[in-house]
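The same chain A turns up in both complexes below, where it pairs with chain B and then with chain C.
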Partner chain A sequence: MTRPVGAASHGAEVRPRAQGGRAPDVFSRDGTVAMREFRDSDAVDFAIVGTGCGGGVLAAKLAEAGFSVVALDAGPFWRPLADFASDEREQDKLYWLDERVSGGEDAIELGSNNSGRCIGGTTVHFQMVSLRFRPEWFKARTKLGYGFDWPVDWRTMWRYYAEVENACKISGPISYPWGPPRGRYPYRAHEVNAAGLVLARGAEALGVAWAPTPLCTVSAPHGKSPPCVYRGLCKIGCSTNAKQSVLIAFIPRALAAGAEMRDLAMVGRVETDGNGRATGVHYHRSGEWRFQRARNVVVSGYSIETPRLLLNSASPQHPDGLANSSGAVGRYLMVHSNHAVWGEFDEEIRWYKGPPSMACCEHWNYVDDHPTKDFFGGYSFMSQGPLPTDFATSMVTNSGVFGMDLRRRMANYNRMAGLKIVGETQPQAENRVTLADEADEFGIPRAHVAFSYCDNDKRLYRHSLTFMRRMLAAAGGRNIFETESTAHLMGGCRMGLSPDDSVTDADGRTWDVPNLFVCDGSLMPTASGVNPAMTIMANSARIADRIKALAAAGDL
Partner chain B sequence: MAHVSNTRRTTSRFALGDVLAVAGLGLAAAVVIGARARRPSVRAKTVPAAPEAALAARRVRDGAAILGASVLLDSAMEHYRGRFHNAAMYLAPATAAISIAAALAEPRRERLETPLRIGHALALTVGFAGLGFHVYNVAKRPGGFSWNNLFYAAPLGAPGALVLSGLLGLASEAPTGLGRERHRDDEHWTERYGEEGRFLAAVAGASLLAETAEVWLLHFRGAFHNPAMYLPVSLPPAAAASLLAQAIAPRRGSRAFARLSLRATAVLGFAGTGFHIYGVQRNMGGWRNWHQNALAGPPTPAPISFTGLALAGLAALDLIDAAGKPNR
Partner chain C sequence: MSTPFRTPYPTYNVLDKWDSPSFNDQTREVIGRRLDEVPPRRFFDAIQWATLLAVCNRVIPQPERRHDERVPIAPWLDAALHERRGTGTRYADMPTDRRSWKQGLDAIDAEARVRHGLRFAALAADVQDAVLKAIDDGDVRAGEAWAGLPPKRFFRHLVLKEIVRIYYVHPAAMSEVGYGGPASPRGYVRLGVDAIDPWEAPRGRWPGENDE
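Right after this comes the complex of A and B.
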């Protein structure tokens, strides 16, 4: 686990900071802001488990609508200005590193590359690439012949993308080359760094479009956030607050609107009564198990922890786990293949400067008929700027280089550039989360994650490697080599049109338990060829509005 | 593998403090030299002009000097940021210093006339050359004249300020009648002032519009995140429009508005400097981290150029006014 460096940050990992009517002021080094607190015995309108793209956005919008909200997160409540160090190992404290069991033919690595554990969720260390779905993907089955249809219309989603992009003050290009018009991004795109210009050069050489990546970090001051300083430590947590993570963009809103944030509160079980309705959540905080009563429960723990919690909340009425009459809880888990090509260049690039992915190419997300396109789905790819330890680790694990060879390669670190995909994988029932036999320190069964690529997934990433190799060479790259990994999680509790094969309806309301909702990345029926955060946030903003409408109609 | 041993960045030879110190000295020297030549000695034959005209010409040249000062400091900082990687980058602040001295000096018929004119012409030429360099810098990047390059590559508008400084310097010769015989008994002198005033109004008005375009681009880049950022893209164009209206048809009635809007634009130059100082403070570390934020934040020497242009515009109005007065 974590080796504490700063005394301040170590305290945050063992002692809750949000209590006594105060919560950390994320824009200060040691200040606090007022926080409304609820008693465990208060049946709050909503108990939300998790505070990332799903839970954080929902908490803010529901509290602003006047509901009483308690949001619980297993992780600490950081003040980035004081707690984040420019040190890769120190920042391991942001990841969900509790042991999970990973299996399947292509067992995925779990931790820094897919799960965060703190107030603000994974967005605290995400890489800020803020893309929208291609509209057809919301009807992937009917329009493109693979995966599933979403129970949502793309035009509705388009509106909510705009809402969350504005809340996060996304800095994006004036005109985006792909997809229908999306209005002007709230802030202007950042200056593309040298690593991004490599992608640009390659794209121009190959005759495909490229764009400065829309990024979730501000290019000009916004509120108490200074503009980005381009130091490139985004993936280990931004210590300036330029990054508009959920911790910065939504949690202060939620607190101001009267939501309570409970940090270091691990939820172990959702309780249901004899009627099969949820009554609240059991959570562990400050060394003891407690029970928060709630009229409605929302699970927003992301694609592994959400199914794990539902499966662990089985009751006589729900013997296979909560909301699992369809058997779909934990299934159709997806990742993004994250294959990459890397090359050496004559000129100095210093790719660690600036956010890691400042230029992107969605060409293969929007091409359906092409002689080389032998797969369903799509992929985007971005320029790269891995931090040194991260890059060295990936070279060791992928190509086994070590010793002098590794040293020689790392000496070239400042003259390297790379391209990495966000590659769509197909939803497969057997890629799933189940409960392992072992239990964690709280006595909760650990998650078992099984993942295997299907043939289509493999054709897709092979296609990308061929294409990106050509592009990197066209941009002047030499000694090109490849690595593979995965990123992001999608699905695991998908929403759908029928209780037979999905966990929730379009509102995130579980088919089986009317006052139990899911609201996070696990709802996603398909993975898409773009990074998921904006889609998850937009979907959560939409669900918040749906919940308000249901409440207004007396249907909660 | 030829590069393996050479992964260190060659750091700039000087620090920002050095550059600012040199720029400051250059500014001071230019002001001292220019000011000495400002008060003509009793024996020197100064240019014959009516007091209003002499005053107006002085104002135009003060405006040019302010523009020069803005260019001197701004280009010193921005070119330092570009690590003076091309020797030509030293030319901008150096020429701006010359332009300041030339603008502050008072033209005298027998001696100073030509050197001053050369000074202004130099600013004009170097400004245009700079424009060329900056256009090339934008065009050669991937994406060409894309928004991203217009925002972040060498700014097209910046060398324009040097052009304007030289242009105003040259234009300031008109009311003093330099290079032309003018006698106080010339019965058409008031008409001449009217023409020259209108010419100056056109120059100052067009310059204000050009400057506004540059400000719009950069404030758009900053997403107009502070509503005050709309001021310098609305007030100066209003002033420019009223100036251009005077250039086309000098009507006394609308001159009051022109004067008001120009005075406001002059004040805006100072207010803008204040806003930019605040803007730097909003960057990570604020002014405590001045050696990075003075470069990363909004350019503090830039807004004052509006004051310079507004002075030239006010001078134009003075001339037009003078033309309307009864002959002495």
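Right after this comes the complex of A and C.
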């Protein structure tokens, strides 16, 4: 896709910026930093496809360990200070807008809510909510009776949460009300905005705990990042670099350690040889197809592009797609249900100020036995601060309101507050990514995504709506209404303990192709009731260390 | 239905901040183009265009504005489709966005003719509203015109969604809802309830409050 979406800096969408031995300096308006470059014919240690929570973190850590790394991304390499406007439509340029086919009984929206397309991936537009899994969720089947167990111990993951939280200087409360004790967050919590205080008021009225949300934007200076100025446009890209996206927190590390970043490089196929081993990747850049040789290939394209690429890399040795002898590639795709309640208040809340979700409640993630709890899994919910078109689209798609009614309801924008869940959905084999019959402009078959809620998913979100409606009313909300949507993607190439029912082992190494790894959110066996970014980053940091250990043992 | 729209923020104009630290250069560039470079029609044919203008006018009626002050919506819809901008999603039960829009506008027109013997654009406003509400309810009578295009999905997820995504990024719409608008490099300082920075809209005039 080479048509520029944005009006500002559209050159970045047409011509690669990382080339000629230089890459954009993300802390400058037009500067560059030195970048090591590899030839296509160099068999690099790692060709990594994707540069978000998975590939970006991995590229930094592997390059710092001395491996030769080329990381390819389909999207542009932005300099936020010069390229990001305070404008919702302009910033559509951060999303994966290329067509994907969405089906199933509850076909999901794809784009701004779950898919990025730039160096740094979805973290460039994520809302920065930085939560950890509840420990028991890593053994959901054994300890809680649903879903699947992860092939990783929670204490291991806990250490890697601390590592990535420190790398991103997460700003969070001194004591967090849920789960086992964790160390202090690296930076102090942000002042909670009025929208967050509505959640706090409601939680206190109902007798449940709440917390200032641990956020991935700094509350004090860090390196070249200034503290957050509460401009509130986080979801369309931070133009001050306060947000510690992967673009800001990890890509400069990767470049400094000698990794090469290739922007506007769409990978279409992982090549394998007669022995079934990966030999490199075919990618399209600057108008031509090229082939990068690699000793190891890591696919980090997230829950749709990762399975799409593996399925499109079928070969005589791998007729059903690469690493797919289990049939699990593309399956067990999960989303978070994003059901919400909204109400009008007498005060002016002005929820556009500050990060969108400054207060959170994980109460129902940690309650197992309660007379009203009629579902497996959990949900958290956060205060809300949608930008105008975001709020308007959720109103019109949910209610069909139009005309003067719509304009009048939108005119209440400054007196609205809302609560929205991150609701766990169950891993189901039939929720999956497959290849559609039609191809995109590169000739690569488009992804077809099928999603349907199961009964448990529906009981969970209904429970949340009842609870949040009570809470918002207790906080003083009137004319309360509900909306539904989804956010995030998890699964699609899950890791596991057996080659029979998973795509990779605990190291992200595919069972079928020993020099092919997956490292992104598609590895997640379960979805959890929290935003996935920190978990994906922690898991990627862990996989990087495992790869180093495998290499040291001569097992790579 | 016919009560006029009144913004709570009649004195506020987000563009008054144009030369302030709330606007950076790239934002001025983007919003300047939106105000000054309204694109020509290139994608829809003349009849579809007339229908689209009428639909936009019912989804976002702007009677309180002079004709030349009204926020243009149809030209940006046309431009996005002409440029194949994409939305990221194509529902499996829908054609591509480009085909859906053309078929859907033709179908809205066909619906008007089946029900009232007139083109959609020629109907009175309240009749247009009734036609659109029927489509939103999935109650369509121009059967063949809708073949392969679910009316409600088309109406909500393409028509309404894309129209509000254009209208509410216009400075006039930001101003009428009291949104702070562009905010970079300067953000906000006062985050609490009823706390307002000097560069925000002043407190709104709300119905029932003694502001008359």
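In the analysis below, the second predicted complex is superposed on the first by the 548 of 556 C-alpha atoms of A that agree within 3 Å, B and C clash if a C-alpha of one lies under 4 Å from a C-alpha of the other, contacts with A are read in each partner's own complex, and residues count from 1 in each chain.
Just so we're on the same page, contacts are C-beta pairs under 8 Å (C-beta built on N, C-alpha and C of every residue); 3 or more make two chains touch, one makes a residue touch a chain.
Quantities reported herein were computed from a predicted structural model and do not represent experimental measurements.
By the touch criterion defined above, A:Tyr187 lies against chain B but remains apart from chain C after alignment on the C-alpha atoms of chain A. Of the two partners, chain B and chain C, it is C that touches more residues of chain A. In the overlay built on the shared chain, the residue A:Glu109 is in contact with chain C alone; chain B does not reach it.
Of the two partner chains placed by superposition, only chain B is touched by A:His222; chain C is not. Shared-chain residue A:Ser9: touches chain C; no touch with chain B. In the superposed pair of complexes, A:Phe84 makes contact with chain C only, with no contact to chain B. Within the superposed three-chain model, A:Thr393 lies in touch with chain C and out of touch with chain B [touch as defined at top]. In the superposed model, A:Tyr352 makes contact with chain C only, not with chain B. In the superposition on chain A, A:Pro212 makes contact with chain B only, not with chain C. Once the two complexes are overlaid on the shared chain, A:Arg408 sits against chain B and chain C alike. Residues 191-192, 197, 229, 240, 348, 350, 408, 411, 413-415 of chain A lie in contact with chain B in one complex and with chain C in the other.
For chain A in complex with chain B, the touching residues are 169, 173-175, 186-189, 191-192, 197, 200-201, 204, 210, 212, 219-222, 226-227, 229, 240, 242, 346, 348, 350, 408, 411-415. Residues of chain B that touch chain A in their complex: 1, 3-5, 7, 9, 141-143, 147-148, 151-152, 220-223, 225-226, 279, 282-284, 292, 296. The touching residues of chain A, counted against chain C in their complex, run 1, 3, 5-9, 82-90, 92, 95-104, 107-112, 115, 191-194, 197, 228-233, 239-240, 347-350, 352-354, 387-389, 392-393, 396-397, 400, 402-408, 410-411, 413-415, 448. Contact residues on chain C toward chain A in their complex (touch as defined above): 1, 3, 5, 7-8, 22-24, 26-27, 29-31, 33-34, 58-61, 83-93, 96-97, 129, 132-133, 136, 152, 155-157, 160-161, 164-169, 173-174, 176-196, 200-201, 203-204, 206.
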